[in-house]
């Protein structure tokens, strides 16, 4: 038990965080695999990223090491950038196809 | 570091040059800038410096790979010409994006901290998502962008999850500290081991996706085909070079052999074999040159993975030098290939092999240049590609991976089949109505192609210039 | 240094040829080849037959890997360099008769190829050897592929694929051997690839057994040996005559030379183990090629199969591991080079005049073209190994060598002298003798320039046939060195 | 007379003299060959004839001044390790006799050809080939080792190819030429292998050295048996013995002087010369000798029977040649070495004579060769008839003509060796007399059966043709006295005595089998029998073809079974066709179609197809659907995890 870590954090065991993050991540993955709407897929990806964030924060807290939490900020920033680009792409597709179903995108194959 | 700063500043500056839409000005300026940065980059040769609290390290390794990245960009830029002259409104923005992505690439080759790895990958990727879809009105380009984006984002998640687990297991993001933590396990480390291993494997997969290693390669053919050729060339050279440098750094500095060999090596080897197989066999059946080049880029990822498998735990020696030489030879040849394909496709509006028919008669220079690059990619002597393969295979044989090398050799035999097809089309087939006109080539493009051919042959005749510098 | 000059001059000339367009390139190209011939002749004259390596040159090529640009000539190399230097001008001259696009590029490629060929014959470093091996391949691919017949794309593709596959195996073998060597002389690298180091290797018999096939694969395809030969007839048929001459006259010798220099002394135990198999394959090739040749209708294809048969005998001679076999192979390489180039030239001359290569379409040429008949007959007699022509010395020694190794093999291989007569005389009869055909009515005899091309070849037919010792003495020392290396272990 | 067989130190004359012997004909070949159409036929013929005459003169000079056996080395030809092949000549009794024979008879044939080939457009080419032939034959007999012998051996093969196919517009002639060369090559292979084995056994191919080493071996040594059998295979090819004789009758396609030169007097004797040369080796191998004797006797009989029913005048002569060659081999097989050479000489005289005579007939008949179209020619061709008659008497073995002596000696040797062989020989002698006189009677007696136009043209040949006939007739008549029968006293056997040094080793090795030991009574009895056989044959022929006037049946008419079989030469050509030629042709097509293009190539292409198929399969995976890709990649991730699960 690390004395540098506030006790209130340690009331929830680390494993719980890990399991939680893993579950969240898996839900994200499953969402990506099962949904066909580009926007929803994209949201599921965000879910995966948030699972990572949770995990990083938890580890960071348990290790009393700020690095992890700083990393989370970067992930958020980058995710924001990705959102901007991703939504722009989806919008572009929507303009051309009037739809955002990824399965309509199969001109490029074989 | 100087190159990162210069690139970022100039990239920003470039955004303000957007009022001048003339490529006549922008192109030389860009080439001048890149040439300058390339020179500046090599000023750092021989010294080792750290930046951002040791998150970035500039050493010979990073300088060398930065050199390849910048050189590739420099010779690639002339081929943007046609694209830009078509009245693209946001000319300067594209150049800026290119410059920014170069920053990402440089971060990838000099990172020392997983955060920088992540940032490098993202800077590079996000720029690429945009560029892939830059032909806004073209559905294929749109599709490529979306596919690349969705899958890229997904695998960013995987990569990050891996990093997070690794962090959980070792408590650090610094490469050398990860290695140290693994080698000197703290009490209670045993229970963290699954996390460590899963983390490592997930990172392997994440980076494997970026360098299009099988079975995480599915995006590559589709995206390369849809992306405007110029940016596809960018993806298949700069992204791949930087990706492999990053991969090697990760394996060497964070996952050293002592503890991890048993964990990631079999996986890596399996990926390597699969990549070689899929890349080469897949390319055989293609009818579009661009798609063939995409599979070819997968197969070359396979060859480079051999160098990773033949890992010697250092950023020097056979393995690192092999990757360096291979990347250089591969980039030079690939740029020329994409360049010619782009010029021909623009002029003739077709990307299949037959579109090249009779090119030797209409454009001997293009034909010659594409021939040299195909031979280099096929690994025929007198070209850099031969020594690339040679060094990589040597590294593997030296470390006892004879079976792997034999497999790779067999696969490169297969590769001859599809690399010869453009040559056959250019030299041995007659022209038809769509292919009997001369393809327009600007001076810069001709110069770049000549330079690339010369470089390829130079590497093929005097490999000692580059081999063994690390 | 002379060797370097021999290597650099053709490629330099090829580059310079860029400044000449079309027909204007003919004279400079021929001039360059003649200069090369003069250089080779000078080398031959100053060559000291008692010594082995001469005109050596050694440059650290890839220092970090201990790979050297090491060239030099012993008698065997010199013989083949001479062959190359003699045949290339002849081949260039033969090309002058044709009309085709981009002549200057064509000649440049021929000269470029000459560098590769001479490089193969003079390399003293394994990787340099491999490098030159492939350098020689690239120009011939284009020569055959760009200027060839209707099926050129498919056929040359097969050829290229075949040979490159073979040579990649060789590369793998060399890489493996390379890592068994000691550090380079300058200590910069842990290994080196010098010929001498390869000779000094101490490999177990098991290793040699499989390394043998890696290296042999390349030679087997190039020579070619049955059953790796299927590229050959097609390629010989489709390629333009000068390219066919290069392929059959010189390039095929690369494989035999390779066996002698880079296989026998490097993996002697492997050779010992597979000796019988290779001999059997070679002998099958002799008979198989000859029998198939009997009924071929295309003159070029017939010569191609005859070449397969003759090469089989050379391989058998080499693998008999006898002095006679190896010396026979050395001299037969020259003889076969001269004869086959001459034969293909004549086939080409006939095709140019009549527009056909089909034996059934021809006949009665001898009455129209007595000079051609004489030239053809002389070359044919050389090919069927009539005594006092070049073919006899080689075949006699080769058969003697094989016979010395195994009487039965020698006897079976000897059937070549019967079958050779069968298919060549059949062709000669149908083409030159008998009643006229509609294709041959307006046939004209050889022109002066064509004769000028054939005369040197015919002189060589008799020179080698009458005074083979001129050449046998050159290669004697090399052959003994090779055999000593083989016997040593 | 020198008893030593070891060559003495040096040649008594300048090397140039020896070079000149083959060089003169070779120069003739070059001059006539290069100036092919510029010289008139007579000039070309004169040049060639003079060249051969020059060689003849030198040969006579050497013969007259011959003291001891020696070798002349011109230059080192091939040297590889211990395989040292100098280009050297051996001058001894055997080579001198052969020199005289080749150049002497050769000269006469050259002279004859001037007249015979007068009308031919390629007469220059013809003479150049003739000269080349003489050159090859001279190299053959002069060589001091087996390889030089082989040069000439192959050289005559080539020349026969060129000369048989001289009228190259005719496909049948070309085929005959090709057949001659190829069948000779079959024999040559045996010879070549024999040379290899000699080299491997004795480490040399130089006669002197090989024979000297061989003389120390035991009789019956296995390897020597193998060597001699191989050499004999070579001899059967060149000397037209069973089973390789088929080329010789076909070779009659060439101009008639060619038949005389190549296929009667010289080339076919090469095999006998070779065995005589290597008599030491053969003496060491009694088994081989047995084979030779049997093959010889069988050939003699076999060819003689075929000769009975042939209608082509040259074919009859051809089969008679084969038959007589069989005699010579029979002589060799029973170790009558000098006897064999004796028969070579007498046969050269009378067979050359008969061929040239036949040529004269054909010339007169405007190229008609079928005896069924001849008859009664003795009136219009008196010289030809008389000389031909002499030849026939000689071959029939009627004393005192040359054939009688030589054939009789052979039969004597055979009798001593084996009664069966003797009987065969004797029967053959009877057959020979019969079919030769059948030829004579059909040609020169009776009524002329040709066309009116032929009859109109009938004329005796010019002097250039008849002179050689006369000279040869004289030789054929008296040639026998150079080796008189034993009962007249050994000192009269000039030839045998002259040649004796050649057989010194043989005699030492096997004195028992060497020479003749019969008493005079037996000898006389045998003479009586053989003369009787000859006379009987002549009488029968006379009765059949003159008295009863029987004519050979025309092609359309039916023949008796046996006659048909003989007329068709026992269908041997057809048999060989079915056994060798067809299968090889079939194999050639079969290998090309089914092995080359049916197995090997498809296998090679199969690898390509396999790869291509793999590529196509991969394309099915690459569906273009993001969903599929993601699922597949996730499966990949799961697989990676699952496969590494054990390590966690």
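Worth a mention:
The first chain written gets the first letter, and so on, giving A, B, C and D; residue counts start at 1 in each chain.
In the analysis below, contacts are C-beta pairs under 8 Å (C-beta built on N, C-alpha and C of every residue); 3 or more make two chains touch, one makes a residue touch a chain.
Remember, it's a predicted structure, so these values are computed and weren't measured experimentally.
Common neighbours of subunit A and subunit B under the contact rule above are D.
Set side by side, C-D and B-C show the greater C-beta contact count at C-D.
Subunit A and subunit C, compared by their mean Cα positions, are separated by 66 Å.
Note on chain placement: the centre of subunit C and the centre of subunit D lie 37 Å apart, centres being C-alpha means.
The mean-CA centres of subunit B and subunit C are about 42 angstrom from one another, to the nearest whole unit. Per-chain Cα centroids separate subunit A from subunit D by 98 Å. Multi-chain contact residues of subunit A (touching two or more other chains): 29, 32, 41, 102, 105-109. The set of subunit D residues that touch two or more partner chains comprises 608, 619, 622, 624, 626, 630. Among the residues of subunit B, those in touch with two or more other chains are 146-147, 150, 154, 158, 221-222, 417.
You'll find the chains touch as A-B, A-D, B-C, B-D, C-D. Touching subunit A in their complex are the following residues of subunit D: 619, 622-627, 630-631, 634. Contact residues of subunit C toward subunit B in the complex are 60-65, 101, 127, 130-131, 133-135, 137-138, 142, 145-146, 148, 152-153, 156-157, 160-161, 164-165, 168-169, 171-172, 175-176, 178-179. The part of subunit D that touches subunit B in the complex is made up of residues 608, 611-612, 614-616, 618-619, 621-622, 624, 626, 628-630, 632-633, 635-637, 639-641, 643-644, 647-648. Contact residues on subunit B toward subunit A in their complex (touch as defined above): 114-115, 118-119, 122, 126, 129-130, 133, 136-137, 139-140, 142-147, 149-150, 153-154, 156-158, 160-161, 163-165, 167-168, 171-173, 195, 221-223, 225-226. Against subunit D, the residues of subunit C that register as touching in their complex are 158, 161-162, 227, 230, 288, 291-296, 323-324, 327-328, 364, 366-367, 370, 374, 381, 386-388, 392-393, 396-397, 399-400, 403-404, 407, 410-411, 414-415, 417-418, 421-422, 425-426, 429, 432-435, 466-469, 472, 476.
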